[in-house]
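As written, the chains take the letters A, B, C, D, E and F, and residue 1 is the first residue of each chain.
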Amino acid sequence: MSDVKKFLYVNRKAPHGTIYALESLEVVLIGAAFEQDVALAFLDDGVYQLVKGWDTSELGVKNFQPAYTALGDYDIQKVYVERESLEERGLSEDDLIEMTYEDEDDDWAEKSSIRIVSREEMAQIMRDSDVILSF
Amino acid sequence: MSDVKKFLYVNRKAPHGTIYALESLEVVLIGAAFEQDVALAFLDDGVYQLVKGWDTSELGVKNFQPAYTALGDYDIQKVYVERESLEERGLSEDDLIEMTYEDEDDDWAEKSSIRIVSREEMAQIMRDSDVILSF
Amino acid sequence: MGMLHTVNKSPYQCNTLESCLNHVGEGDVVLLIEDGVYAAMKGGRAADVLSAVQGVKVCVLSADVKARGLEGKLIDGVEVVDYAGFVDLVTETDKTQAWL
Amino acid sequence: MGMLHTVNKSPYQCNTLESCLNHVGEGDVVLLIEDGVYAAMKGGRAADVLSAVQGVKVCVLSADVKARGLEGKLIDGVEVVDYAGFVDLVTETDKTQAWL
Amino acid sequence: MCKNKNKDLRSTWIWQGIKPVKLGICVLEGPYQHEASDTAYNFAVAALEKGHEIFRVFFYHDGVNNATRLMVPPQDDRHIQKRWSELAEQHNLDLVVCVAAAQRRGILDEEEMKRHGKDANNIAPGFRISGLGQLIEAEIQCDRVVFFGD
Amino acid sequence: MCKNKNKDLRSTWIWQGIKPVKLGICVLEGPYQHEASDTAYNFAVAALEKGHEIFRVFFYHDGVNNATRLMVPPQDDRHIQKRWSELAEQHNLDLVVCVAAAQRRGILDEEEMKRHGKDANNIAPGFRISGLGQLIEAEIQCDRVVFFGD
């Protein structure tokens, strides 16, 4: 077994309605310390987790959206978002939060972590990962 | 407020996957003692609650299907099952358990409690009830 | 006074809204709460379904709309209500059915 | 060795099976468990979807089939496995993805 | 029982033309896992502010898990049990936990603890354990009952 | 840690041509409310019978509620907590309850009870409370990890 595994966190659920989105994010944050090859996948209702502009004050729950933005600081550079999932929901990349990382190999230039991929590419990303954590 | 209300228990979930079906049934059994006008509605995946032939031994959970059959003993005479929900699932009345009651006004003749109704009739049944308990 | 129907699931994940709309009657109110509010987002496939509904008032719960970043992104014709408005809908209608 | 995909929701209530089938690849296995087994019932609308799948093995968990009264009512081409078979599917494939 | 609750609030609102009604609430999902408990709580607060009476809040299915006093949520998050307990104290609410559902899931008061020979209990102040008949009674007594679940 | 578990079982099976693997299990839903816990348990039993090693069972989200020793299910129904505890004892299983998820939901061991100034704890024998790192470690160490949830 190699020392580094390709981790893929699959997110298919909307935020707030259930705790799946929040507690999945907590795993990602903890997991970042383990120096594995980490990628996040957002498809189906999971793409709603990245829609910007949350205001949770009236609902009375913690706004955990800033934690997604901070994922770059945890060296998470690959955030795959499925195009078809966005489109059927009337969403485009402009509706999503910004997620960036600093590219070590390019003089620490700030780059977007979000990669819009087709359904077919998403399926291939799943196949190419070593372990899949599905929440 | 009249002394007797029309209670409608609405069942839209499959059995076993979640506890909604079982714990809804427990309410019906307890509620039967309160001498209200009780009816049960099964639609969407709720119709699966009445599919006969459960064998839960391999799954290792209690088989609560006999409790449905016993509802007649609790004087529950109206069990509405939506035709459209059955049809899209490839089910017919023959696939369902027998549910009967003894008709006080007809020399205690044993009659079926199950009434297959159209979607439109189901909507009307909901409107005609006083309270709806949705599980 | 019609009935109040609450729908708390995303129409892209569950058939709850569809089933609800198949059973509403003239004068009823449908209130989208929790993940149900996604149905009212402009440009989504579910919005077409919702826009086509006749004779029924459609409301969305503001707390859930705001929490999900959907403020200002809703289709025309849906009314945004707060929890106080939710209470009013419950008391002003005959009864409430939760489409769980 | 392909992947194992588990689906635990009724296709009449949720889009889980549909989403899973949109992402499977040649040589993968789809295992229907819990309420997911309803997809394999003969005569249902979802059975058409399942029958049309190519290049993928479809299995159903026997305990869930029996508990729901579906024994003998399944479409052709699906393989019934017990929990031991479930374990074999997990170990014989590369990895397991749960479509929750 | 439980009549004339929230009477002070109601009397202040009646002159504003709002007709107070008697409400029941049923919560079917546990804290944090599902939004149902939050929605139910926010609904209850709004109803009380409007001067309505809440006859009873009935916790069923995983809803019984809202009643454990052992929860310790993160400091920057809401404390779902405490919110319910405090609301109950302020408004003399009747928070009823279904005994059958509670037993399955390990929510016990002192009496249940003794009856079943357990060494601990976990029910929070303001909640009481009782039977399903309390839900039926709420349906009979209340003008409206609203369900919150999954 | 936790190496060479179920060694006796595995050695009996190896000659039959089954290659034992190291499995992880993650349970995301609570007892009774959802079938996930039953499926995970039945899967675990079958895996052990086949001679595989279960490196760890990790309870997360509402899955932590499987670990309360206070549950009292009906006598004619399965006792979900006891089943897990007994399986753990028989096979020296590592049942880990996520501390953050457990705190939110009121699952405490004695140490957590003291740390948070609570007056009771409810964790069942065979379960231990630890961090999310234990799930990541399972993903790294195991040949396969299977998730059970809603």
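Just so we're on the same page, a residue touches a chain if its C-beta (ideal position, glycine included) is under 8 Å from a C-beta of that chain, and two chains touch if they have at least 3 such contacts.
Small disclaimer: the values here were computed from a predicted structure and weren't measured.
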{"item": "Graph separation of chain C and chain F (steps between touching chains)", "value": "2"}
{"item": "Distance in touch steps, counted as few as possible, from chain D out to chain F", "value": "1"}
{"item": "Per Cα centroids, the chain farthest from chain A", "value": "B"}
{"item": "Most widely separated chain from chain C, with each centre as the mean of CA atoms", "value": "F"}
{"item": "Computed distance of Cα centres, chain C from chain A, in Å", "value": "28"}
{"item": "Separation of chain B from chain F, taking each centre as the mean of its C-alpha atoms, in whole Å", "value": "36"}
{"item": "Chain centre separation in whole Å, for chain B relative to chain A (CA means)", "value": "43"}
{"item": "Multi-partner residues of chain F (each touching 2 or more other chains)", "value": "28, 32-33, 35, 42, 61, 74, 77, 100, 145, 147, 149-150"}
{"item": "Junction residues of chain D, two or more chains touched", "value": "8, 12-13, 15, 34-35, 63-64, 82, 95-96, 98, 100"}
{"item": "Where chain A touches two or more other chains, by residue", "value": "13, 16-20, 44, 59-61, 131, 134-135"}
{"item": "Each pair of chains that touches, named by its two labels", "value": "A-C, A-D, A-E, A-F, B-C, B-D, B-E, B-F, C-D, C-E, D-F, E-F"}
{"item": "Touch list for chain E against partner chain B, complex", "value": "26, 28, 60-61, 100-101, 131-133, 135-137, 139-140, 145, 147, 149-150"}
{"item": "Chain A residues touching chain C - in the complex, by the definition given at the top", "value": "13-17, 44-45, 48, 51-61, 63, 88-91, 95"}
{"item": "Residues of chain C defined as touching chain E within the complex", "value": "6, 8, 33-35, 61, 63, 82-84, 86-88, 90-91, 95-96, 98, 100"}
{"item": "Chain E contact footprint on chain B (complex, rising order)", "value": "5, 7, 18-20, 23, 26-27, 30-31, 33-34, 36, 131, 133-135"}
{"item": "Residues of chain A touching chain E in the complex", "value": "16-19, 59-62"}
